[in-house]
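In what follows, chain A forms one complex with chain B and a second complex with chain C.
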Partner chain A sequence: MSAVLARFRPRSGVQLSQEQVVLLVVVALFMVFSFVLDGFLSVNNLLNLARSVSALGILSVGMAVVVIARGMDLSIVASMGVATAISIQLMQTQASTPVALLVGLGVVLLMGVFNGFLIAFVEIPALFATLASGLLVYGLARTTVLDGLIAELPGDRTFVRWLGQGAVLGIPVPILVFLVVAVLAQFMLGRMRTGRFIYAHGDNAGAAALTGVSVRPYTTIEYMLSAAIGFVGGLVVAGSVGGLNTQVIDGSLVYDVLLVVVVGGISLVGGRGSVLSVVVGTALIGVMLNGMTILNMNTHEKDIVKGLILLSALVLDNRLHPRDEETVRQGD
Partner chain B sequence: MTASVTSRRPGPRRPPERNVLENETLGTRLHYLRRKIALQQVFAELFEKRWMEPAIPLTLLVGVVVFFSVATPGFATPENLLSSAAELAELSLVCIGMAVVMISGGIDLSVGSMFGLCNILMILLITLGGVPVPLALLLTLFAGAILGGVNGGIVAYLKARPFLTTLVTLIVFRGVLNLLDLNFSAQTATVFVLDPMWEWLGTGKVAGIPFSFVTLVVVLLIGHVLLSRSRIGWHITAVGASRRAARHAGIKVERVLLLCYVISGALCALAGIFYAARLSSASARVGEGLELNVLTAVILGGISLSGGKGTVWRAFIGAATISLLGKGLLLMNVGGEVLQTALAAVLIVAVGLDIKWGKNRGKAIQKTYVNPTLLRYRPAPDVRRGSGSAYEVNDRLLGAEAIGVGEVEGPEDVVLDSQGRLYCGTRQGWILRFSGRDFEHKEIFARIGGHPLGLGFDAEENLVVCVGGMGLYAVSPDGTPRKLSDETNRDWTRLRDDSRLRLADDLDITPDGKIYFSEATTRFGMADWILDGIEGRPNGRLLCYDPATGTTRTVIRDLVFPNGICSCHDGESLLIAQTWLCRILRYYHSGPNKGRLEIFMDNFPGYLDNINRSSDGGYWIALNGMRSPAYDLAMRMPSFRRRMMKRIPRDEWLYPSMNHGCVVKVSEAGDVLDTYWDPGGEAHATITSMREHDGYLYIGGLENNRVGRIKLSGSGAAQVDNRRPQSSARPVSVN
Partner chain C sequence: MSGSVAEHADARSESDGDQLVELSQVTKTYRGVHAIRDVDFGLRAGEVHALVGENGAGKSTLCKILAGAVRHSSGEMRVGGQTVAFRRPHEALEHGIAMVYQETSLVPTMTAAQNIELGHEKLLTRFRSLNINAQQLLQSMNFQVEPAAYVSTLGAAKKQMVEIARALRSQAQTIIFDEPTAALTPEETLHLFDVISDLRAAGIGIIYVSHAIEESLQIADRVTVLRDGERVATLQAKSTTRDEIVRYMVGRALTGSRAQTRPVTAEPARRRKVLEVENLILGDIVRNMSFSAYAGEVLGIAGLIGSGRTETAKIIAGELKRNRLHGGRVLLNGKPVRYRVPKQAIDDGIVYITEDRKLDGFFETMTIADNLYLGYLASRRGRRRWLMSGRQRDRLAKEWTERLRIKAINADAKIVELSGGNQQKVVVGKSLVAQPEVVIFDEPTKGVDVGAIEEIHELIRRLADDGKAVIVISSYLPEVLSVSDRILVARFGRTVAEFSREEATQEKIMYAAIF
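After this line comes the complex of A and B, so read on.
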């Protein structure tokens, strides 16, 4: 909503939106890395960079949907991982690819419904609900459904492999998938009623409810959407590395997703930012991760750096979009 | 009309069966019995108890212990419990830290990483740094405090969200831990330290109990005193309960928050030290996922997510539950994944219950607090003009003189002293005195508070007054109030503590100087006593204050709204007016019939209020409202009233009508002699009392703005003694 209002605000001088600032930072970082780091500025590396972060970008689009609605889905990686692993496990049997994919989709949608129920109807703060539901679904899957830690994609499932490893006109398919998801999400958020309602919900849930938005069902829809988009990201991951290591759920991927969203300018107070924010955020994190890899940093060092950046992003976001700290509920 | 009902030995007693009419069938009696039992009320009163909240987690803990003791053979052995104690101590320390943070309204998800980091730090300090153990211990504690300080600083001073902040510091600390482990794994894998203190930390026992557990007990005690008895503890609770109010009260909110996180960090360090000493090794995986256990434990212990509520004991109870659950499942050969899954599920359920309970507790208690029961009336006597009944409407109050119009609000009772001055209580908590020939001079005799209701003079001319909401008070002739009593003996068969007087209503003083007074209801206060009329339960009681001993005791409990109390002319019995039953009981407090309780009069056409003696040996009775067939019907349909309260707003409920009534004069034998009506209640609505004095009848009303008086014909010369009746004078009269 504020994005709409901002257009009518008189502008004096040069005012940059957060996306533009981030974009400038990306360009600056890009240039610095190009000069400083050997082998950064090569078509190969750049395509590699883009391909490696596109799965992260897709997940971030999913997260963006709920964050715009003033929610948070910490279970996005868990539901993605579990659903993808179940899909792959089905593919190892006689099941056809569409059936396997549908089952996976069903799992994530169910997960979205569960999250939505906990958050909208039981009124558990989103952070708690999704933190616990992520652990729950991973634990359940591990104890009942999944065979091992690593689900290997059979070689004959070409569609999924193509999603991760194929190329159209020289452009890797993951990048295209990311772009398609981004465009669709932007269309949904910006042009469709559902999207506008999501913004309204995030901007002021009480006002949205009063004007007739069915906030509770919408919350459920938001988490279903987020989980479904996450599933696409999971398939891309599975396709590109030929399987899925479910340990990714325990890892720090969800922090990367959070980092992309918050750094890109989708404020945690809700109702702000767009898919464009996710794109520039992904670009920034992609460049950063790539730079860190070339610098030969190990995972732990990367974790520390990412954590520190995320911390400062959270603090900054809080400065830019302050909350009424005295009336917030736990977990807001 | 007088019918003997029962005769029992003296002491706290139950009155005759509420209002079961004679010749009832067995079915009806069973119906009454069913309506008498109020499980809902038991639950409502149970959940109002403060000990109920820790009771539930404690029950859960006992359940877990009992289950595993029975189900797994190796569980209840001393060895297992002792080895569990060390683990439990470490988990509990971390839980206490988390609890403190949660009580302050925050959350600390980084506990697992802090625990692990301090663990490896301790080991490294000793092996790599060669630091002596005591110094290493202090340094590690300090490091833990610093880690907590980082969290606290960001949350308190940079005002970031606690949940996300600590979630991110979790991964940052874990990253540092991983780096340390990566570089120094050779030194941390196993440690051999030949320091007696190190041994003591790891395996030392005090009276057979691991040293870490002893430390935990000390921490629990200190934490309890700090949280519940010290200034800083109150500050923490205040910040968690309402940050804004805390700030307005001058509490330095940021500093308090910082302190909470520092405490959490330091306790994690302490736990990490014990862990290091116990296992003499460190690895990157120590404390991984610990935040889930801790969070579940703390919430399971009943420490609310919303902050401001909780004790260290609850954290311990939660930790013990989780820890023993883990241990028991381990003994049953259930994998760690199952435990983690179960914990996540428990966390969701516990958080959901916590939130729903916190949100709806008040509403649930309120909704279930009023419990209508069955009351059955006989058809009310006809009061219409020309009906020829004893209660026929007339206009005799229409010409009443008004005293203090607009100057007095809610004179429930009126009384006159030996000099003919008029006293009445008001809504503001004052007692007014009117004097002069036409009572034109008004003064505030005493300011007590509450709502002064029943009045009476004792032998020393002290004005004894029942104050609604406060108890029984006496005002000396110079206007100084003094508390006589505000409590009585508690009924230990009830869940609810009923020792306090909530609604002392009317009193009278017997010849032996004892003050008998009624408490209309023990379940409702001055603001909502009318709900007692919807409920219709026997919630009231008759109390006796003995000036000689200064004590109050309950004489009769379980009375349906006892209102007016009047010492009879015989000096050895009392009349008790029961408002909702429209019935007057007679209770013999002394004499040959001592302990006898009987029905004096029954089936009035309206709801009864005060009773007073008349000069000619009879009694004056105030009817504050008239019964209506609709409400009589509603009173025999308890479920209807319950439904009414649930479904429609409060101002549209059916209430017992409290609009216009009358004054009834009855004889000693219980026959109606006379009635005085103000039809339509123009000057005297809701008549709650009347007092005869010098040939005049003075009339007060709970909602009225005046005191009225009318001249009585016939008995003009007679004089009623409003003070203590003379025990010798049988039909009291003449002063």
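After this line comes the complex of A and C, so read on.
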């Protein structure tokens, strides 16, 4: 009869979630850097730090949406880069800013629909579907619409510049954009029906379908959301550096995005984590990158550190959410 | 002098000489809940030792410990006199313990011979010698299996033969059979019994797991009965009876069958036909399934595993699609329906409650309340809401935990922390919040603790009393008999017999399901 009444697992000591572990690491690193590194603990440096990772944070929120739904969007940087470059190129002609932005948004949404179609209807694993679609869209855009490697933002487009370089009450706008995106995404995931379905889809797609969630349309919606959020990140990048170098698509940015998502505690098994995880993950990467820059580490040394962090995050994820069913569930 | 030698030999054989496996006080807990507790168990060479018990009594857990699939939490396990604790199946195999699984564990894309050799390959294995060796092994057991045949093309019985051959290839001294006859025809069962007798004669120890008591008595030397994770008796098969074993298994007086206590439902003429299935066809699995379900009635569907019952239910509920051409018809209240996704069926008032709640029943990251609320959000009423309401969720959770008697500390407990029975109730509740008209249960008490079985049966009855059309698919005959108003028997994708509650017996149903 003991089995009838549910019992909680006896807890030995304090159980920390991955978010909390990472937050502690951030605080510890912050304190260490403050003592050890000259020029780390200054308002300017900290604002600079936050501003520099805002775009990464925004892209990571987009990625988080699909990872929570047990997906993966490796094309997020490609859609972002291509759409932003197309928007900017339109601005170089006489198109008004809203029109140019709407066209960019249209491009990323189409990209989301295409990914959703490949994954939900053709049933290709998300990892490979988005890897291929990213290559495809970048190649297509470069050979047809885009004029050059770098799309330069015309000087009169003040709104986009403001997104990247402006400040409100002394706080750089990119940070504010990141916060707004984070709050909206958290509202959608945590308070809206759509968000609940996304978690359900990531937790157990079969159960979600039997419960009455239309899993295939939802997959498409998830990739559209992720791409749209990524586009916002692209605009922030374009605003802050005055244009977009499409070579970023070939770079390692997408791995940084994954790093942020996984480090923060959004498990690759799906259904776990929240936008807060992304914020915490972004904070960790921001502090790390800033510290490493002050330490004058080169790209390869930074890669070693990032690789190690990603690996430890994956190990932690594996420990906290073991895939071995026997240890997770009881009964026979 | 000679007498003392004989005595000595006897003592040896009693203690460790022929003792293949010995468990003492073995316990396995999952998250603080006992799956088995302080179980003693022994197996001698050349003995068939049957393990019987109800669903959830701990039979599978015990076997998994022996076969190295899970590790026991405490207690001692000795194999060949040596204390062991297996961390993976491979270690059990090295100690001569092999398991023949209920769902076969063969690689379907390999041939029979390749499967037999799997794990024993040398750096270079010659195809010819592989087949010849497999052929010899199969023939030595009188198995009619072609070594070069791909496993995916073999039937259930032949797959089982390959598994047995594989166990012998790895020189197993102990072979565990988990519900070996579940998917076999009577002739195949007889053949299996011959095989088991041969293995016994060859000095191999056999653990035979089954919930069919007669079968266990027929084949076994000793029978151990488990109940609620504890060993309640070990009996000599020759000197015990079915009734004695049932008493040990149940541990209480059998409650009066509900068939006598329940009032007779409305007269047939006045019953309202809700669901009608005509000549449903899906590939080779569902072939011409036809039946009707009425409001206020529990329709039981009995049959063997693989008789197409689950697939039929999934077609009705939109989870599977029937053949596009000549796929038959499904009528809901006289109107033909064909669903692409379960959502459409749920909107029309048809819900399917899965047979495997871990696989596609509940959401493991969520609480009881969230699981129930998700059912509401996905229903026709809930879809109008864009925002979630914590108040509404809590009200819903309170209402349904009370109605279904879900036992948990509170509704914010994670569903994985519940017992199987309570998890099942949450899964049922998640479907019922959509206010369905037709409820299809698939193996509603599989892996459910004994206490909750009765409650789930009561719940099924109440649903019918409330005027819903209820369909219960179950391979467990006592369940079908006690809960149904009308019983269908399915075989090879067809309905082959129909019994009223009064005329149905286990024997009649079994006969219809097999022959």
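Keep in mind that, in the parts below, the second predicted complex is superposed on the first by the 309 of 332 C-alpha atoms of A that agree within 3 Å, B and C clash if a C-alpha of one lies under 4 Å from a C-alpha of the other, contacts with A are read in each partner's own complex, and residues count from 1 in each chain.
Here, contacts are C-beta pairs under 8 Å (C-beta built on N, C-alpha and C of every residue); 3 or more make two chains touch, one makes a residue touch a chain.
Given the structure is predicted, the values throughout are model-derived calculations rather than measurements.
Judged by the touch definition given at the top, the superposed model places A:252 against chain B, while chain C stays out of reach. When the two complexes are overlaid on their common chain A, residue A:196 makes contact with chain C while staying clear of chain B.
Applying the stated contact rule after C-alpha superposition, one finds that A:136 touches chain B and leaves chain C untouched. Residue contacts after overlaying the shared chain place A:117 against neither chain B nor chain C. Contacts of A:298 after superposition on the shared chain: chain B is touched, whereas chain C is not.
By the touch criterion defined above, A:213 reaches chain C but does not reach chain B. By the document's definition of touching, of the two partners only chain C reaches A:272; chain B does not. Shared interface residues of chain A (contacting chain B in one complex, chain C in the other): 325-327, 329-332.
Residue ranges on chain B touching chain A, taken from their complex, read 105-107, 154, 158-161, 163-165, 167-169, 171-172, 174-176, 178-179, 182, 243-244, 247, 292, 305-307, 335, 337-338, 340-345, 347-348, 351-352, 355-356, 359.
Within the complex formed with chain A, the chain C residues making contact are 30-35, 56, 58-61, 64, 69-70, 228-229, 317, 319, 341-343, 346-347, 352, 354, 358-366, 370, 373-375, 377-379, 382-383, 385-388, 407-409, 413, 416-422, 430-431, 434, 447, 449, 451-452. Within the complex formed with chain B, the residues of chain A that make contact are 74, 118, 122-125, 127-129, 132-133, 135-136, 139-140, 142-143, 252, 255, 258, 268, 298-301, 303-304, 306-308, 310-311, 314-315, 318, 322-323, 325-327, 329-332. Residue ranges of chain A in contact with chain C, taken from their complex: 1-10, 191-194, 196-197, 199-200, 203-204, 206-216, 271-272, 325-332.
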